[in-house]
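Just below sit the structures, each encoded as structure tokens.
Both complexes below contain chain A, partnered by chain B and then by chain C.
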Partner chain A sequence: MSGGPVGVEYTGVRELRGPLVVVEGVREVGWDEFATIVLDSGERRHGLVLDVDRDLAVVQVLEDTAGMARTGTRVAFAGTPLRIPVGPGWLGRMCDGRGEPADGGPPVLGDTRAAVGAAPINPVRREPPGEPVLTGVGAVDVLTTLVRGQKLPVFSAAGLPHLELAVQIAAQATCAGEAFAVVFAGMGLTHADAEFVRAGLAARAAARDLVLLVNTADDPVIERLLTPRLALTVAEHLAFVVGRHVLVVMTDMTAYCEALREVSAARGEIPARRAYPGYLYSDLASLYERCGRIRGRPGSVTVLPVLTMPAGDITHPVPDLTGYITEGQIVLSAEVHASGAYPPVDPLSSLSRLMRKGVGAGRTRPDHPAVAAQLTAALARSRQVRELADLIGRPALSPTDQRFLDLEDVFRRRFLAQGTDENRSMDESLNGAWDVLLTLPRGELGMIPVDLLDTRTAAREKESP
Partner chain B sequence: MTASGRASAGPADGEAGRRAEPGTPSDRSRDEPRPRILRVTGPLVEIACPPSVAMHDVVLLGAAGLPGEVVAVDGDAATVQAYAYTGGLAPGHPARPQGHPLTVRLAPDLLGGVFDGLLRPLAGAGDLLRGGGSAAAPERRAWPFTPRVSRGARVAAGDVLGEIGAHVPLRLLVPPDRSGDVDRLAAAGEYATDSVLAVVGGHEIRMAQHWPVRRPRPAGGRLPADVPLHTGQRAVDLLFPVARGSTVAVPGGFGTGKTMLLQQIAKWCDADVIVYVGCGERGNEMADVIEELTELTDPRTGGSLAERTVTIANTSNMPMMAREASVHTGATVAEYFRDMGLDVVLIADSTSRWAEALREFASRMGELPAEEGYPAGLASQLAAFYERAAAVRTLSGASGSVTVIGAVSPPGGDRTEPVTAHTERFVRCLWSLDRDLAYARHYPAVSWADSFSRDAAALAAAHARGGDPEWLPRRGRVARLLAEADRLADLVELVGITALPPRERVSVLAGRLVREAVIQQNALSPGDAYSAPEKTSALVAAVLAVLDRCLELVDSGVRADAVEAVDFTPLLRARESAGPAETAAVVAARDQVLARLRDAA
Partner chain C sequence: MTAPADPLDPVRAALLRAAHTAADEVRDRARADAQETLRAARASADEVLARARDRGAADGAAAAAGERVRAVQDAWAAELAARAAVYAELRARVREGVRRALARGAVPQTRLAARARTLLGADAHVTAAPAGGVTGEVPGRRVDLSADALADRALERLGARAAALWEPP
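And now, the complex of A and B:
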């Protein structure tokens, strides 16, 4: 990541505070410009201009200010906001959180450069999303289908296998044979987790379908503010210019938000909820809203942010504001996890708002919308019955309610549970859903058209006479 | 941090400022320094400028001329909030005060269009928005004009000069600040929006007119808001009705269906013009609503629904301060159509994102924060926005209205947070969306326990005048049934349904029938997406008739089990199987269920 041509160097460092350096005597330095900082030792660091006031510039240093002094520090400004090379050269590469190669290869080059803070997509030029991205994970494909151009987060908590799920989706996702790529942005991952991601996605990287950017937990915190922007900038070019369908996985967004809070605190900004800055919503939106499709252009950007809810609290600002921006959510539950089922998706609090446009005949399978709706409704009833059973005991339930009581268990065993390397086809997943539904009396499947039910029950009777 | 900069930059600019003429930069002599930028931090830009610059004046920033508005003046420096991304803008770059406040162009061609927060058309602005909407005027289309006064007539502000043929009946008015004799008036024919149609008191009058967004347009006076706005959503029309010219807030956490409810109202309510402000919301959702409005047919005019709608799309990733302007822009557009004697609904989704823009800017200005970092002026700004709603007598004596419906997105679903808590005080109706109802897939998830309508009494009188004196008692009975069923539901969870006396068991049944047969509505079903007043009444009447019969049965000694076992499906399906304005099918379903009850007896 080079910052373009380097102009005048300034040496007047007035103040160093947290990740910020205040440079004095600057002229014609623009807001949001990219800066290169050279230390006495010759070490190069990078930064972004947060504030320019007459001849003072406040620069946020991506690598932290450790070791910087008022003397011997030289700062040069690029003259433009940060631009990075984009293009297919990124495919198959593994880089750190600033886009510097971490795979021993040469720096990533591209014939085109793009600003990392992209211009928003014109709402009237957006094409409403309408086809699925298949992940090979049954619970996601059937109940919360990911639609091309959608932003669908995974809400998790500490100790749950969200990273396994994110890697599995990144490794398996496809778009019905159309050109596809995954951009995986890791923020604040431990080294063990980073290694897990690299190993899990090695095949995808070898096929040159993957861009991997990883900022580890001991990498500079402020660098995390850049990582998702790099990922999205690379993805946008691969989608709207190269014409691929791109899935951007960003994990862990909570680590990103903490970095944002750290900069905000260092600047002395007025804090809002839980000391996160008041612009957290807009900042997250500037990332998540970069998904979509554009009329008349090939490709799509689908965004799958993963975040851990601190103390499992869904009203915490990070999941709360994310939920207000994204089009649904996949919620992982500690209770399902404790039952031993992977992926521990809670089907009732999970939702894909764009699903109804992305499934059905010609997209997944004609019976998909009815099966998904019926399964969700039946699981909701199952949970109600379980609460009732806790109060009055199983024997007091009606025979139908007893079948419902067992449904959630059957659902977890026969549908939800799947191996972390098991890639299920849409047919297998939907058939699994049918297996669960057909444990109920036929009269309880009112949301499924009668002709569909007839074909299914006939097929089953043939299998097991 | 600013002291040294200010000292070196101050005096020279003061000199320049006194001589400079804002708005005519080319007239300035060459040796005078021009107004220029001193500081940039995100959307906050400080400029050195002449003392003639007024609060809320528009300033064009940098070589690219990014629009901004003056929000504070301190000595020779002014603070400007920029309506575009300010990346690359630097101290020393030029600033051009325009000498007038933020103004928008109002014309018939707003109908059917999509605009950014400053009312610049988005069609033709390219795939990516680098500097907001396109500055270009929308496509030149000719509109039929028929004069309604004669030459030489004396006309006052707001008088009708002629009619403009569109799907919505539009009028050419004398602008609010003009009056005099009609010196010239165009003959009937088709004209572009920018051609001169009349000359009044020496001033040219066109279809396209300009108005500053922060100044409410004048009207002849306020009228009591007592005409119902039929939204087509039963949960609202039946329980929490809203009058034309009233105000509504719709608080709801994420996933409670706020946007869906507002979109349904935008599509089906019986107003003449809808102004839909997507303020800091999702891009894909905006794309969806724009597409659907184009495809759907307006049941009243036969045209496309888009032709009565003005969409202001300022998605969450578009510049934040344009979000702040967009609600005022929307209100100005709404008032423009109101002044023609039309009923307008202004929908703002979401006012919380607008409030966040206020907070963000106040924080950058270093204002002292009040609650949760919001500026102390939050409550008064919210109140002022909702006060732009009104039923009015226009300057020419016609009646028109602006109804404001604002979504509120409380963080973490916390209803005590400042935006929700203040908004509740200023609105006449509150449609509170409930997470439990939404979780149970009960849509629209309007909570009957936490919502209110202060218009209900006035509207009951209106319904009585309109020949439906039973409206208020019917509403009261439905509300009581729902409350009673909720109370009993808690009891049933503890002791089981069989432990209840027969009449209470019918009350539990009543709650279910009212919820599922009347209150719930399926936005995706063609028959149920909206409900005409007569269908809503028929559904309520059908359910109440069935319930009365159930009560008679248990009173006469029939076992509650037997009543509960009756198949009520025809009644539950009636809302979807009958058309949006059909009552015969509802009556048939009622009779079918009544017959089954007879058999059960």
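And now, the complex of A and C:
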């Protein structure tokens, strides 16, 4: 992915250490500059400048230094950070974490080249997010609706099916018939997971509305820092120039942050919380804030980062700092997973702060906001009743409380549980939510307007007289 | 003189009648039961058949959808492989063209040598590259102006125009 004018190649390789090459005699080389390394055999590799001290540059080689020798190795610096070609040529392609084809095709071609570290959108040019991205997953669409231009992370823990959920959302998401694309960035995935992602998104790739970038666990960590930036750069062009609504799924952001920590340690920076660099917050913001809509431009970039909370700790720096930047979260729960329900979404810890802008009449369905609010309130009451029942026993509960006690189970069976390849329409999902709510006495559904309640109850009586 | 009638005959006859009636009732009930069982079995068989038909149709539709996706994927993979081959061929032809052009003297060797010295300094050691063009070198730095390097840079600058090779006109 180099190119451009003739560059001087540096041949003074002082040291090869792990993935690092120390080059001497360099002039005017800066941090994060992109480098092309040519071996004596003619093989080309790529790298990033990690550190510069006077005429010494430390370059991390993306493909590792195996087979490289001090003599005969030439390093050319691009003069800028990595730039990649952008355009519709990316659609349908599967590449590694630095954008090199992994599908047997030619290099991805594009007339325009864009810097992968592009700046986030200027706040004054932002158009507020609106209109939903429908995922076909009932729990997400009804209770934490994803809105175009939003950044909504999935908080998970080791052993939970977050990759299945990420792939299902990436495979099913749509924008009400408008031009749409998904950019899926996998970071630190095992080979088995990478294959699962490829197979799960095969139909979407075949339809040429998917870009798949996969950095596997055994790829160099510096590549892992590039992968989400590459994904966002490709997405921005597809959205704001080509005019598509683009969903960027990035998983696993914890693996990304660990790569950031490793590179920061190699640079000798002062470690902050849990040895992550002090700039972890601003680094994450520089990724997440690249989503949104721009006034006067078509398309949108919606970001769905997936992160695993080490030991399920929501106060860990990665989920903690992510939570400050993003607009809500979808929390997966080990308890719900243990009950056998998929997706194991904890509805009371999950929230989409921009949901109000994307639901209701003309967007999803007129009853959506009231149903979602009532369902969340009822589930909160159900949890309180469960705690009460733990103290006084079920028989001591009032008949109404007993119905609330059963509500969570009904919610999991009739609404939450869904197949990994089941694509639910918004109507099906909302009808499922109504089924759960109508197990409660009418008097307990005070958040739903009476006319809506009348229509729904009449329809139900008609169905089962 | 006729033999006196057995006084138990009426009882026997009544018992026989009752036994016949009971037997008829049992037989009717058994027949009705058999008919009911048959009807239920037929209904259940129809239901099982309908369910099996639905499941079979769903399985078939899913398999067909999977097969369709696989076929489209295979076709796309074959197309990508063909594009890669065409691109490699283009690279080979551009290299060949640049080699021929340099051999023809389209760009004088002296001009390339002068460019190398501009980049590296006047004391650069300039040598002719085997396939045309030159390379310049000073300790620790090198400039590659060989035919193949120039061709590769030109091809990369071509960008999406190279895609015209496989895109419909």
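Rule of thumb we're sticking to: the second predicted complex is superposed on the first by the 415 of 465 C-alpha atoms of A that agree within 3 Å, B and C clash if a C-alpha of one lies under 4 Å from a C-alpha of the other, contacts with A are read in each partner's own complex, and residues count from 1 in each chain.
Criterion: a contact is a pair of C-beta atoms (placed from the backbone, for glycine too) under 8 Å apart; a residue touches a chain by one contact, two chains touch by 3 or more.
If you're wondering where the values come from, they're calculated on a predicted model, not measured in any experiment.
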item: Broader residue contact with chain A after superposition on the shared chain, chain B or chain C; value: B
item: Contacts of A:Thr455 with chain B and chain C, given as first, second, both or neither; value: neither
item: Touching partner for A:Thr11 - first (chain B), second (chain C), both, neither; value: second
item: First (chain B), second (chain C), both or neither touched by A:Thr190; value: neither
item: A:Ser425 touches, of chain B and chain C: first, second, both or neither?; value: neither
item: Which of chain B and chain C A:Leu351 touches, first, second, both or neither; value: first
item: Which superposed partner A:Asp103 touches (first chain B, second chain C, both, neither); value: second
item: Touched partner set for A:Thr315, first chain B, second chain C, both or neither; value: first
item: Chain C-contacting residues of chain A that also contact chain B; value: 24
item: In the complex with chain A, residue positions of chain C that touch it; value: 69-70, 72-73, 76-77, 80-81, 83-84, 86-88, 115, 119-120, 137, 139-145, 153, 156-157, 159-163
item: Partner chain B, residues of chain A touching it in the complex; value: 22, 24, 27-33, 50-56, 58, 80-81, 115, 117-129, 149-150, 240, 269-273, 278-279, 281-282, 285-286, 289-292, 294-295, 297, 315-317, 320-321, 323-325, 327-329, 348-349, 351, 354, 356, 376-377, 380, 391-392
item: Of chain B, residues touching chain A in the complex; value: 1-2, 4-6, 8-9, 38-42, 46, 85-93, 114, 122-123, 125-130, 254-255, 278, 280, 282-288, 290-291, 313, 315-318, 320, 353, 356, 359-360, 363, 369, 372-373, 409, 411-414, 439-441, 493-494, 496, 524
item: Parts of chain A lying in touch with chain C, wherever the complex brings them together; value: 2-4, 6, 8-12, 24-25, 74, 85, 87, 89, 92, 101, 103-107, 109-111, 113, 202-203, 205-208
